[in-house]
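These notes open a run of structures that come right after.
Below are two complexes that have subunit A in common, paired first with subunit B and then with subunit C.
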Partner chain A sequence: MVLVPLVVAIPLVAAAALTAMGQFLGRRVDDLTGIAAAVATTVVSTMLLLRSLDHDLVYWFGGWRPRHGIALGIAFDVEPLSAGIAALAGALMTASFVFAWRYFDEVGTLFHVLMLVFLAAMNGFALSGDLFNMFVFFELMSVCAFALVGYAIEQRAPLQGAINFAVTNTVGALLLLFGIALVYGRTGALNLAQIGRALDGRPPDGLLVVAFALLLTGFLVKAGAVPFHFWLSDAYAAAPIPVCVVLSGVMSDLGLHAVARIYWPSFSGVFAADAGSLRAILVGSGVLTALVGGTMAFFQRDLKRLLAFVTIGHVGIFLAGIGLLTARALAGTTLYVLADGFVKGGLFLAVGILLRRARDGDELRLRGQGGVAPMAGVAFLLGGLGLAGLPPFGTFPGSALIIRSAGDVGYGWLPPLLAAASILTAGTVLRAGARIFLGLGDTDDPSLSHEPPAAEEEPAHVPGRVSPPLLFGPALALMVVGLGLAFTPGLAGRATQWAQRFEDRPAHTAELLRGVAPRPAGTPAFHPGAAPYVYGAISTVGAVGFAFFGLYRRRLPALLRRVPGRLTAGPAAQLKALHSGVVGDYVAWLTFGAAALGGLLALTVR
Partner chain B sequence: MSYLPYALAVWIFAVGLYGVVRSRNLVHLVVCLSVAQSSTYVLLLSIGYVNRGTAPIFADVPKGTRAVDPVVQALTLTDVVVSVTVAALLLALAIQAQRHADTTDPDELSEMHG
Partner chain C sequence: MSRGVRSGLFLVSAAGLTALLLWAVADLPDFGHYRGPYGKVLNSVAVGERHTTNVVAAVVFDYRGVDTMGEEFILFASVMGVALLLRNPHRERRQVPVRIQSDAVRLAGIGFAAGLLVLGLYVVAHGYLTPGGGFQGGVVLASAFVLVYLAGDYHAYRSMSPTPAIDVLGATGAGGYTVVGIVSLLLGSAFLHNFGPLGTTGKLASGGSIPFLNVASALEVSAAFVLLFSEFLDELVVRPKARSE
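For the complex of A and B:
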């Protein structure tokens, strides 16, 4: 039990110590402190994961336990899915710190401090069982991320990225706080389980629908779902690579898991009759996000921005998975998030190696230049196949659970669309890898976005011949962990069991508020059957095909090229024009999205 | 209790948001954002308000005295801290924009798009 607060306390204490003493110590002391704190946090998160396998670990701060079934204090509620996300945050942070060792020529102590506070905030957000505490950690996480994105403050792109990120996410957080205030006004509770109990036995009314829509908007802004995603590509394209790894691998997904964390304990009872319409809304916006993200990724030539849109595409897949509102799909999404977080982290690090070695991050300018960093090429290939969901590696168990679950609730049309989305994202990553490391494809492609400015954040000195292991080691390690995670025996079945516990509201409420231990449940075995393998194979083959389409599209026969080209040119240009880079437009879209979400919920919930 | 405070909170939020969307100057934009943020204080405090309630300080008052909800006041204080942090960070970014990009117009700052 005493371990629970440590996941927040360790990085915070390390950050405070660095702030106090960092200027008197050398750069390497900062690096070592960061690595040590991140490793320790990862170990603690993993221990929490292993200890919460059979029942939740509930930690009440200051010993304010519930009296007579009423929560008075503030709780951390540790269950395996959230602890897994916290462990992912720690692991990615460790890889980032190791990579930063050789990546930055100069970096101030404040970078390490911000990263550590960021880690503490993410862990706190992932484990908090209290709505307002979630908001506080959400804001702490956001502020650290704003500052980290704008770290290279003397250039235009990080300025733009940080401003767009900060303004849109602050507006999102305001809507979230509005929602929290309304929920508190209705229920008088902030503890998630307590809210659920207070709402028991009443039909949903207008106030509750508005409050839920506002909460949903706040979290989806953080996750980057369409149409709240505009800030994400600007911010991730401008952030330093070690920051991108954590942003893309964990922060986006935390927003989505927050949706599950508030829905199941608090709202699943009152909206039980409307689960069908809620499912349609969430899955619909997930599919839209996945396709928009994948399509926009295809049009990018700046590798970081390309991976940012890949992140959006996969956020869409996860949103659809969580939105299916079944235990199996939640388990699948969590496994998918874990594997995908490692793989995307490895890809960002591979781009970082290119930025460091070839001093460029532009796909077309780098064509055939990949020889300076062959290990980055290996990471690109593995990453592309990992994103595609090549059976039985990496993301396959997660997507298998989602595919089977979609069939269970009558969403049989969903798996082909999700496969299409991963063909778009994985194919684009493979295209970039093939162009850079194999020298394939054309040297120019006018349909891609405008040429990014030459090397920005990158070091001035001439690199030696050999990539130092501290650069490619973390990238390959993340790839191996991400792809190998799938081989944990019985993982899919165990994860389904944890998700069932997560979604069993009466048992969860009794456990949290009255300390009633949950009934031990048998571990369901999961046999994926044939369909997931077929989808996995299709998306892998499709991704390779799509990569070649991206490389040699302009050599297709004129008949095949012209007609579809003319038909798609207009919509493609419009879609690209929407990503204007102007923060006012983004906030307008955010407002529109919030209104649309609220309107859809109000129309369908009765 | 009337609906007026809630309507007021929504109005302040809408005005601030309109300013954020239409702003052509980063400092102005940050001020608009702060206006929008202050709507949450109004909302939170009005949710916790009790007619003829006193401040929630329970020294020297008889038991059972009506008091306003202290929880929302704590939330408001936290919220004030958060918004000041964000405003300070954004103003620092605005200064850097003027210094390095020679503009405070968010439209002119947009280098990445598409």
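For the complex of A and C:
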């Protein structure tokens, strides 16, 4: 139990110590402190994961246990799914620090300080069981991330990306805060389980519908779901690679995890009768996000922006998974998030290696230039296959759980759409990898985004001798962990059991507020059956095919090329034009999304 | 999107959102009819349990002390972020603003600065007895430094607030709060669990470990505001050399 607060305390103390002392010590002290603190935090998170396998670890800060069932203080509620995401955050942060050792030529203590505080914030956000405390860590994540995105101040794009990120996310945070105030005004409670109990016994009314919509909006802005996603591609395309790894690998997914974390303990009771309409709304916006992200990824030539849209596409898949509102789908989504986080992290590091070795991050200009960093090519290939969900690696167990769960609740149409989304994202990554490392495809493709990506990237200084293992080591390590995670014995069944615990509101409330340990549950065995393998094979083969389509599209016979080309050109141009980079547009869309979400809930909730 | 389309989209959506918010607010309990248990319970137990006459301080530094730790680091990270974004290795000095010549302004300024300093220390020290505390007192303390700049000059302000030293103070405040929590752990209790003697309610020597947390946040907040002011002032006084804008 004593370990719980350490996931936040270790990085914070390290950050403060670095601020006080780092200015008097050398750069390597910063690097070592960062790595040591990130490793220690990862170890602690992993231990928490292992210790919470059978029951939640409920940690009351200040020792303020609930009195007569009323929570006085703030609790961290550690269960395996959330602890797993915290461990992912720590692992990605470790890889980023190792990579940054050789990646930056010039880097100040401030980078390490902000990264460490960012890690503490993500851990706190993942584990907190208190609505306002979640908001505090949400804001702490935001301020760190805003500044880190703008790290390369000499260039325009990072500052623009950071501003778009800061403005949209601050509006999102404001709506989130408004939602929290409404919930507190109704229930007089901030503890998630306590809120759920206070809402018992009355049907939902206008206040609850709007409050829930506002909370959803705040978290979906952070996650980057359509139409709240516009900031994400600007910010991730401009952030330094070590920051991208963490943003794309875990921060986006934390926003979605928060949706599950507030829904099950607090709102699943009061909205029980409306679960069907809520499911339709969440899955619908998930599918939309997945297809928009995947399509936009296809049109990118700037590798970082391409991966940013891949991130959006997968956020959509996760939103659909969480939105199914079943234990199996929640378990599947979390496993998917973990494997996918490592894979996306590895892909960003591979792009970082290219930026460092070839001084460029543009797919077309880099055609056939991949020879300078063959290991990055290996990472690209593995990453593309990992994103496609090649059975039985990486994301396969997660997607298998989601596929089966969709069938359980009568959403049989969902798996083909999700497969289509992963064909788009994985196929695009494979296309870029094949073009760069194998020299395949055309040298030019006018349908890709026209804007010339920044010629100089952040390590724009004299190319010093770079020790390759420190660059490709972390990238390959992340790939191996991400793809290998699937081989943990019995993982899918265990995760389903954890998710059932997560979603069992009465038992969870009793455990939190009264200290009643839940009855030990058996582990349901999970046999994926044939369908997930079929989908996995289809999306893998489809991704490879789509990659070749992207490479040699212009050599298709005229008949095959012209008619579909003419039909899709208009909508594609409009979709691209929507991603304008103008922050006013983004805020208008955000407002639209919040109103639409609230309106849809108001119309469907009885 | 063109300007018109954007405005149209925003206005229609904002109207919808406003309608939703009004619908929600209408369902809130009436003003002054707070219903929830949380505030009531805390109000009734805080003085007895924490020996602090300012219940807000008991909530902020103990019952919800970990929120405050997060908030302190929000301020800390914001200032570090500003320093990161405003850093510029290639700087040259510009003309430093003229020194204020009026003796009356300088005398009044110094008088106010001294007064503010004392007031700030008072607000910090009595944070758990009367309204106030580390956050509020910290801001008052920082404004005493700003007065030195206003009434004196840039050099006087800068020599009073050397950035490395202020960095150390701020980090000590932010880290110190966390370290107090870790001390509780080392003593075998929960993170941020009170370990000092509670003392006599209403006296300065009361509240257990709250005074430590209070001083830690005062350090962090005052240092943060001084650093922030220095950063923005440097933008004014010290211009980047070759910025192509």
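Before moving on, here are some points about what is shown:
To be clear about the criterion, the second predicted complex is superposed on the first by the 592 of 606 C-alpha atoms of A that agree within 3 Å, B and C clash if a C-alpha of one lies under 4 Å from a C-alpha of the other, contacts with A are read in each partner's own complex, and residues count from 1 in each chain.
Keep in mind that, in the parts below, a residue touches a chain if its C-beta (ideal position, glycine included) is under 8 Å from a C-beta of that chain, and two chains touch if they have at least 3 such contacts.
Not measured: the values here are computed from a predicted model.
When the two structures are aligned on the shared chain, A:V136 is found in touch with subunit B and with subunit C. Of the two partner chains, neither subunit B nor subunit C is touched by A:L559.
In the superposition on chain A, A:R305 makes contact with subunit B only, not with subunit C. Once chain A of one complex is fitted onto chain A of the other, the partner contacts of A:L110 are limited to subunit C, with no touch recorded for subunit B. Of the two partner chains placed by the overlay, subunit B and subunit C both lie in contact with A:S580. By the touch criterion defined above, A:L12 reaches subunit C but does not reach subunit B. Of the two partners subunit B and subunit C, it is C that touches the larger number of subunit A residues. Look at A:A525: by the touch rule set out above, it reaches neither subunit B nor subunit C.
Subunit A uses residues 132, 136, 139, 143, 146-147, 150, 153, 159, 162, 178, 182, 184-185, 190, 577, 580, 582, 584-585, 587-588, 591 to touch subunit B in one structure and subunit C in the other. By the touch rule above, subunit A contacts subunit C in their complex via residues 2, 4-5, 8-9, 12-13, 15-17, 19-20, 23, 59-64, 67, 70-74, 108, 110-111, 113-114, 117-118, 120-121, 124, 132-133, 136-137, 139-140, 143-144, 146-148, 150-151, 153, 159, 162, 178, 182, 184-190, 194, 198, 205-211, 213, 577-578, 580, 582, 584-585, 587-589, 591-592, 594-596, 598-599, 602.
Within the complex formed with subunit A, the subunit B residues making contact are 9, 13, 17, 20-23, 26, 29, 33, 36-37, 39-40, 43-44, 47, 71-72, 75, 78-79, 82, 85-86, 89-90, 93-94, 96-97, 100-101, 106-107, 109-114. Against subunit B, in their complex, subunit A makes its touches with residues 132, 136, 139, 142-143, 146-147, 150, 153-157, 159-163, 166-167, 170-171, 173-174, 177-178, 180-182, 184-185, 190, 233-234, 237-238, 299, 302, 305, 449-450, 452-453, 576-577, 579-585, 587-588, 591. Residues 1, 6-7, 9-10, 12-14, 16-17, 20-21, 23-29, 34-42, 45, 62-67, 69-71, 73-74, 76-78, 80-85, 87-88, 164, 167-168, 170-172, 174-176, 178-179, 181-182, 185, 189-194 of subunit C are the ones touching subunit A in the complex.
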